[in-house]
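Two complexes, one shared chain (chain A), two partners (chain B, chain C).
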Partner chain A sequence: MNFDRNEEQGRFPQRWWEDERLKTVQTMDKGDKHLVPFFAPKIYPLEPMDKPFDETELESRFVSAFARILAEHRQLKVYMESCVKCGACMNACHTYQGTGELRNIPVMRADLLRRYYKKYFTTQGAILGPIVGAEKVTLEGLKEMYYYFYQCSQCRRCSYYCPMGIDTAEITRYGREILIQCGFVSQFHWSVLTSMWKTGNHMVITKPGLMDTVEFLEEELKEETGVDIKIPIDEWDADLLYNPSSADFFAYPDTMIGVAKVMHAAGIKWTISSDIIETGNFGLFLHENTMRMLNKRLIDQTFKMKNCKEVVLGECAHGWRTWKMMTKTINGEWVDKKFHYVHLVHKLIELIDSGIIKVDPSRYEGMKVTLHDSCNNSRGAGIIEEPRYVLSKILPDGVFTEMTPNREMNWCCGGGSGILWDDPESINLRVKLSKNKAEQYMSVDPDIAVVICSIGKAHNSFIVHEGYKKELDHVKIKGLVDLVGDAIVDFPFPAGKYAKS
Partner chain B sequence: MPFIDVNGEQLEVDEDGFLQDPEKWNEDVAKYLAKTEQVEELTEEHWKMVNYLHDYFKKYQIAPMVRKLCKDNGMDLKKVYELFPTGPAKGACKIAGLPKPTGCV
Partner chain C sequence: MVSNVLSYLAIVVFFVGVPLQVYRWMKAPVVYPLTDFPAPKTAEGAFIKVLLDSFLFRPILLKIYNSTVYSGKGTDLWIGGWVFHVSLALIIIGHIVGIGTLGHQFTILGVSPETSLHMSELLGTVSGIFLSLSLIYLLLRRFFNPIVRVMSDGIDYLIVLLILGISCMGNFMRLNPTYEVEYDVAQRWIMGLFTLHPVALPDNPIFTWHLFLVEILLIYFPFSKLMHSCGIFFARWMITNYDPKKVMVFDWRSKVCEWTGGK
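The block that comes next holds the complex of A and B.
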């Protein structure tokens, strides 16, 4: 495959980073497996498409998708026009710092889309072409775009540094949407969306499977506390609907156990709907229409409930951001008129502050706890001080240690926007992407790291138990509600869970 | 879709080598898949786990929770990683003919 577009098009002038860039592009097809685009077998239900992928119609497909997004989202036009190439985003990006690839600097990544914007949507680009950095769409160009757009974890840290207020995460989001319409999608993201359409959750959990898992969790609860604690499924007369992240039923049982303990101690009549055991919404990462449709599932389900007054969304950061920040725009103003939608951390504050659940901070004496601010919680939806407040109530003084930087300037763990590929080639990339986070952990050296996000739990566990195992294997990754549940005075403290290994 | 060849039979697998149709799974397939997941020989303990996973999947169409898997087989997670170096969700499930777990794990 000939990636050498410079010679072909006689681009002028030769830019200083070209050599470096060509080197990476030429090795692209051999490298990280998931970074080689996956041609979706069929685009429906993402986009109805009557013909399979065809190279000859690439350009028209690309331009029409781009034009539609520009018309629908005026901010993209502003982002495309207003970059002054100051490079302030360079040191803000963990992907660039981890991989060292120039195209991973947010501005350079956005330029991959900007070159097409110039060509097809500006007069000077259409006339002057390569002189102003405009380029024609080619298959190789789109592959290059794919390669870098799927390394961006949409953490939005760079947008905090941008003097022009450009949100590179949004550029990535729209870029991925355009790529999908041209037939390019990451296989991992595709399989997650397929699972979601099939079963209503990311983990392909069927109802019989869910019931068996819940039964197992109830046994665990009985063993741990000596009390019969129920995890009610599909009880339609409940007062509160809890919408968990489906990964809690597979990989993070402590989170589900924590929620059950809190609800039992507070005496709340709650339930989980077996149709929507998923807060997550991968539509946020790559396709807006999918995001809208998946959001609607949650709305439809809550409207089935008779007495339900409150919907609590579980520990899933991008799911909460979708719900909090996007729903009103994409699904309509009316959705939160009928119900009160809150994040689990808000509910915990309410229960602890009103004295409904009583916690004993002395249980965590002698441990060192830190908090990882998930990108979509902190930068995306403003959950910054809330978890710190809950931690201040359940931990004794001096136990909580901040990482630096923290809050909205926190480093992304590297797994944002679902970069959870686990084939051997991609694992090397993930280790690189999580370099900054691992350094933060090493400088704080905590016993427990609190992560309020399922993707975050998966990726932080990868950092401490696989990627940087030698230095960090002793760190435990826990959800916030895990710690709250174990601090409740009504139940004995499961010391084994926190024993140092 | 790629194919694997086990005793002359062509079996469809996904990009990561997970069996597409769990019905086609048998002991020979398990032995073949084990080699791709750094398990040289399937011992009795391996078989116990693999059969447990396969039966559970047949019954519920999902992979069991990792903690349940450990508890029902009387092993801790460390032991599971010793048996299957690539982990319970990837290595063990692949050998037992289950589809690849998707989602935030």
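The block that comes next holds the complex of A and C.
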């Protein structure tokens, strides 16, 4: 059972997503309601269980999964045992503020797991039972846990309020992992992981598809700037490897275009590896072993580069958090010996500060720009002042407006941890989950909201163009590099795309 | 003698149980850094911040760290909780020092033994009263705040009630001369306990109950949420510590992190 420590199985086959074993997964893509429990016995190895789910097994499955995770994670043990039920986290969570459901208060959410912890792993729970809030595992209980654990966007805002420093995001992460072994996983997350296994990115982009898109983007660039700007794919002797988020090719092409402009203007010999057009790592949200492997895969692929000195990670917040905070501890100290791994924002600062690319703030005269700090960037990986610094360089005075609260205390948009379900019921839920962010937008009323995060772009676009369309439809959601790209004056191109005129 | 057996049991359970629980935590690894940013850059800074956060409690500190952005409503809890813990700490220290030196601890400040005894008694009385009041406040808050009420289990009330019972009996003995227990009587009893020659308890029902409840508390301590007194340091350390060796970080651009033009 203990597959997480198994070195051999943790290795990837050369092109691991073509593994025969994984093909069976397609048969599991059924049902379209994402928040309805989806049947998937385990994520790794990625194959469906051959016999149907048996309810009598539930307890033993649950307890063994829980025990394994507890043995390997100090944080979970400490968090399970030291909450004092003080209620300080009451006002911390946007899901509670949005939905008004008591179970969405961080402590109540964590209690869904803690009640089982008390029952199976503590003396007091075994003896005193319901007085201390211990309960036996039931299918109903697990469904409830599933429902509320998947509403947590793992934004970690509650950990700033809790006097103990309890990070409910950790609890939901491992809670989801336990749920997976009991047969519950959100279909959306599952399908993202399967497409990750199959194609190496979240959007099921194959190499021919990628080439088509890139061609299309290059035409766009030519049309817009009048200059031949290339988006080089798989040029193995390049100096800089850019690791984009796959959504940049289809959903937010402006980001890809922005990157191409910046690299072109800076005269950098860069490339994208078609094997890793995905920084994101959904394993972070629900399955640690998957996270390790996806991370390992990125490392393996970057090491194929010959001349490359620097790897620039694209605008993906949870991807950057996994890269920065976790790579060294889960996949080895040696990782950053060969390359510099930097975030795109760092690269932008370097280029702007050293005067390699010249920007013209006047393009944004008279607009109102605001910045949404994505949780994994600001709270999770410390990119807090950097984007503000870049914005101060590319925007004229008085254009940039802060939302309150901001920086590490910002409200999560509600889409964190990949909560992007798109069936009707879940959409209602998502509208509620993003209430706080929408209110922030309404109070600032920006023209452009900068979001340095792929999931964030998806969800914030949902907020402004669907969820709160009436009030916010005029807001444009942009990546940081989009704005930089449009402010570049080095090569002639027509007025910035979002100039108000 | 029942009270003696229970006393030994309580001492053993407490002093073995708590380290065992902590050892159980230590055994499990922390797989990757869980830092909450902005984090102190050095381990010493993190250490100081953990201590500040733990002993002053987080909500008020947030106001100091980040007065412009924090708009939480945590102060109602903070005042009650903080007064409770400070007076509890004073009382625990007072019991140890006061009984150990027979109330002469303040002689090191240069006052006479008499004054020292009075000071000790005064401090004990005042913090005892604060302890009871703050516990009553926490109890009422738990009961009347609708949200805190739903999140509480029976045991959360029981613990507060238990400590309230202990502190009320303590106050009662202090304020009611007929039930007063002198320092030397208590000292003799404790010395008896520790030298394995138990002496009889003073003939004082309130004192017996006080002691009984304390023993219950000590026995329950390692199994309960009261382990937060150790867990807080673990949990806080995990989210405060930032070890540049463990993360991929390129601080050659760190001047930007100090840039505050946006504030």
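Basically, the second predicted complex is superposed on the first by the 448 of 501 C-alpha atoms of A that agree within 3 Å, B and C clash if a C-alpha of one lies under 4 Å from a C-alpha of the other, contacts with A are read in each partner's own complex, and residues count from 1 in each chain.
Keep this in mind: contacts are C-beta pairs under 8 Å (C-beta built on N, C-alpha and C of every residue); 3 or more make two chains touch, one makes a residue touch a chain.
This structure is a prediction, so every number in the text was calculated from the model and none was measured.
Chemist: Given the superposition on chain A, which partner contacts more residues in chain A: chain B or chain C?
Modeler: If we count touched residues of chain A for both partners, the winner is C.
Chemist: Quick check for you: in the superposed arrangement, does A:88 touch first (chain B), second (chain C), both or neither?
Modeler: A:88: touches chain C, not chain B.
Chemist: Quick check for you: in the superposed arrangement, does A:123 touch first (chain B), second (chain C), both or neither?
Modeler: Touch partner of A:123: chain C, not chain B.
Chemist: For A:203, select first, second, both or neither according to whether it touches chain B, chain C, the two together, or no partner.
Modeler: first
Chemist: Of the partners chain B and chain C, which touch A:192 in the superposed model: first, second, both, neither?
Modeler: Touch partner of A:192: chain B, not chain C.
Chemist: So in the superposed three-chain picture, is A:138 touching just chain B, just chain C, both, or none of them (first/second/both/neither)?
Modeler: It touches nothing on chain B or chain C.
Chemist: One more residue to check, A:164. First (chain B), second (chain C), both or neither?
Modeler: It touches chain C, and chain B stays clear.
Chemist: Quick one: in the complex, what on chain B touches chain A?
Modeler: Residues 15-16, 59-68, 89-90, 99-105.
Chemist: What does chain C use to touch chain A in their complex?
Modeler: Against chain A, the touching part of chain C is residues 21, 24-26, 28-39, 53, 57-59, 62, 66, 69-74, 77, 81, 145, 147-148, 150-156, 158, 220, 223-225, 227-228, 230-232, 234-236, 238-240, 245-250, 253, 256-262.
Chemist: Under the stated contact criterion, what part of chain A meets chain B in this complex?
Modeler: 33, 38, 187-188, 191-192, 194-195, 201-206, 208-209, 212-213, 216-217, 220, 245-247, 249-251, 253, 280, 316, 418, 420, 422-423, 454-455, 457-458
Chemist: Once bound in the complex, which stretches of chain A touch chain C?
Modeler: 70-75, 77-79, 81-88, 90-92, 102, 105, 107-108, 111, 122-124, 128, 130-133, 156, 159-167, 170, 288, 323-330, 335-336, 340-342, 346, 349-350, 378-382, 384-386, 388-389, 391-392, 400, 402, 404-409
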